[in-house]
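Notes to accompany the following structure.
Labels for the chains are A, B and C, by order of writing; each one numbers its residues from 1.
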Amino acid sequence: MEFKGADILNAKQFNRGDIEAVLKMAAKMVPFSSKKKWGDLMKGKLMASLFYEPSTRTRLSFETAMHRLGGSVMSVVGAQFSSLSKGETLFDTGKVIESYADVAVIRHSDDGAAENLARGAGIPVINAGDGINEHPTQSLLDLFTIQKEIGKIDGLTVAMVGDLKYGRTVHSLSSMLSHFDVELIFVSPAELKMPEPICRMLKEKNLAYKETEDMGEAMKWADVLYMTRIQQERFTNQKDYEKHRNKYVLSRELVEAKNTKQLIMHPLPRIWEIKPDVDDLTGAAYFRQVSNGVAVRMALLALLFGKTP
Amino acid sequence: MEFKGADILNAKQFNRGDIEAVLKMAAKMVPFSSKKKWGDLMKGKLMASLFYEPSTRTRLSFETAMHRLGGSVMSVVGAQFSSLSKGETLFDTGKVIESYADVAVIRHSDDGAAENLARGAGIPVINAGDGINEHPTQSLLDLFTIQKEIGKIDGLTVAMVGDLKYGRTVHSLSSMLSHFDVELIFVSPAELKMPEPICRMLKEKNLAYKETEDMGEAMKWADVLYMTRIQQERFTNQKDYEKHRNKYVLSRELVEAKNTKQLIMHPLPRIWEIKPDVDDLTGAAYFRQVSNGVAVRMALLALLFGKTP
Amino acid sequence: MEFKGADILNAKQFNRGDIEAVLKMAAKMVPFSSKKKWGDLMKGKLMASLFYEPSTRTRLSFETAMHRLGGSVMSVVGAQFSSLSKGETLFDTGKVIESYADVAVIRHSDDGAAENLARGAGIPVINAGDGINEHPTQSLLDLFTIQKEIGKIDGLTVAMVGDLKYGRTVHSLSSMLSHFDVELIFVSPAELKMPEPICRMLKEKNLAYKETEDMGEAMKWADVLYMTRIQQERFTNQKDYEKHRNKYVLSRELVEAKNTKQLIMHPLPRIWEIKPDVDDLTGAAYFRQVSNGVAVRMALLALLFGKTP
């Protein structure tokens, strides 16, 4: 992909080379994301962060990336949007935003919203999550975390645990991981299995994957344990929910019983699915993911403007 | 008007010389508003944008102007205000804001709100729309657009179409245009005619204007077609609404049938009153108005602080 | 207290030396807070202002302080937070925020919220008000105002008027003033007297205080009259409310009748408890408090980062 001037809309647009380019650039951004240096790569650039759906963690990650590279930021959040749209199309909003900003980050509850905005806007648009569709920068930061923590992605076994059916994060991650030589283990209740289209895509690429309901089994083999939350509203039966919810809880006791050293990841917020006593384990990388997210977003900004630190 | 340190509260405070001063300064701001240059004219200045009533398009326009001239911005939007006012007067809010900011931009649902804030605040206050009262910077950007696109304002025929009764925009625009040698055509349903006080003001100034319900007639003569939206809530009878709404819709087919080349403007958001197929016509200036709005707001900021790029 | 890297969580953590250090630094900040100079002390630093509970006056005060010292700001306000927390602990939020910002300012409706955030965040956290618990920076700006206006704090008689039972402000102020050689007069209806624990603390420190319902009496002796508002919801009986409310209203007539020159302070917003005709009296310091608040917050930022202008 030619990054300069591009839109970042979905995981599918990234081939292996693209992913590696982002990870390489992200590594260069670590001095800035880790607060050792304050940059000026984005000086004279203005970002509009358009969060139709509030998502504070993601918004602040992008805004931090912009600020720490010397750029400027304007934000619009949630209900304030009623006044922007008043029924206008996202195409028109894109035409308006291109007169203001140099780059737009959009979060929206509708699938395809980022693409519609990008169609109108003659400036780079970054999808920060649209509906249950895509959240490509989350997957890039997940890959960057694996790379940074273990030193490689090829050859690893990655287990994804929890709600694999509705989890936007694990869909995009599977798609991105399919460019690497990995084995996947999908751990979920039967009701929340990884959707068929993603499994089919993996088969077409000859990528090995296993499905199981047993997290303990997965912990034996996985180099990376990617935890997600199971949400109550996915179940019609309250008892089913509680049964499953209790099955996929990571505690220090469990990790030590399995004597595993694997990387433990989570897109956050973490509620009950990882106990606080896990936090101090060396493999617990979920809070480091946050900082890696800043580095990856800095990297994307640099690439979209054709800049290098 | 002495711009330095002034408040920008309404269209009436501008005489012809004032308007020309703004347009001249706006022309100098185009390199900055069009993103060719990043300025530093507002470096060391802090703007408070106080949008009691959310109006994202206008807010971002002011904030873009400030950022791109090197200034800093703090915003307060909508419901956050309940905590600012808690029943205090706008005069008091003005006293508070002057301790924080160097310039305040206010949007409010009450007529006269900007004036009340300005009374308390010893810093320049810019009215970004108060109730159905005034929105002077919108009219200035409209004039700047006409000047920039056609090269002059004197001698033109300007048609305003749609809801002329409640449209704050067309009231301010008529007031500003009355300083020039123009002819006006007011196109609206009988229920939504230009209010009497504005017509009287035009007569007093010996400015020719025509009133009609026929948009096609106006298109024959107008150099500028200023479209606005007719809002459903203005009609008690749903059928009347639909009849009128359908009468004032601009399509490519219609423009080409009339073989006109006139400038097509709209304050946005545009919903159904201009069809998307009009967008590519050379006369379609409504998205260029957005960028001109940034230039005009930059110009006002510069003038209020006595600066020149 | 070692300020560098510290959290500012409550009034109790300040001893007399700490308070004096803040006031001394605040005095150095006046050129910046009063807009004579634009600073760069916070250049390369990013503040996250996390206002779970909107409090626009306080938020803008902190943000003004940061901007005018050359720092950068990201804000999250009110309802936007539902997306940040989604049930996660403030400890976890702290872990996330430390990856983004260099300093966090938090306002929250729960007592102890700032402390919980600080426990997770490895960056300085400043409490901008948590529940009915603490609002330490308000008290520091009150002390700075007294010092700046009268030239000293020792030896003064300070009267606090209004709702002393629920007023977070007067609790923190009493606590801070207890380090000085002052006399206190507490003026309130019997239903809204200063809470017992604070009175006990003053006795232990051998600090003289008087309690009265008579504001006029207090005006005879006080060097400083600290007004607060009596809120209707504190009373079950509407008549009681109106009776008390009308007793504690400061007018120019009243001040002149008493022939007093004392300093009149108020944490704002001021509604009916100080009449507008008081504003022009030389002793009316409540709007100057706003500017002093910026200086004090600048001072704290400087101290937390170990910087001097």
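Here is the rule we use: a residue touches a chain if its C-beta (ideal position, glycine included) is under 8 Å from a C-beta of that chain, and two chains touch if they have at least 3 such contacts.
Predicted, not measured: the structure shown is a model, and the values here were computed from it.
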Chain copies touching (chain A, chain B) - same or different residues, decided at half shared: different
Rigid-body rotation angle, chain C and chain A, from Cα fit (steps of 5°): 120
Cα-centroid distance, chain A relative to chain B, in whole angstrom: 41
In chain A, residues with contacts to at least two other chains: 79
Complex contact set, residues of chain A against chain B: 43-44, 46, 48, 72, 74, 76, 79-88, 91-92, 95-97, 99-102
Chain C residues within the chain B interface of the complex: 35, 38, 53-57, 60-61, 63-64, 67-68, 73, 77-79, 268-271, 276, 287, 290-291, 293-294
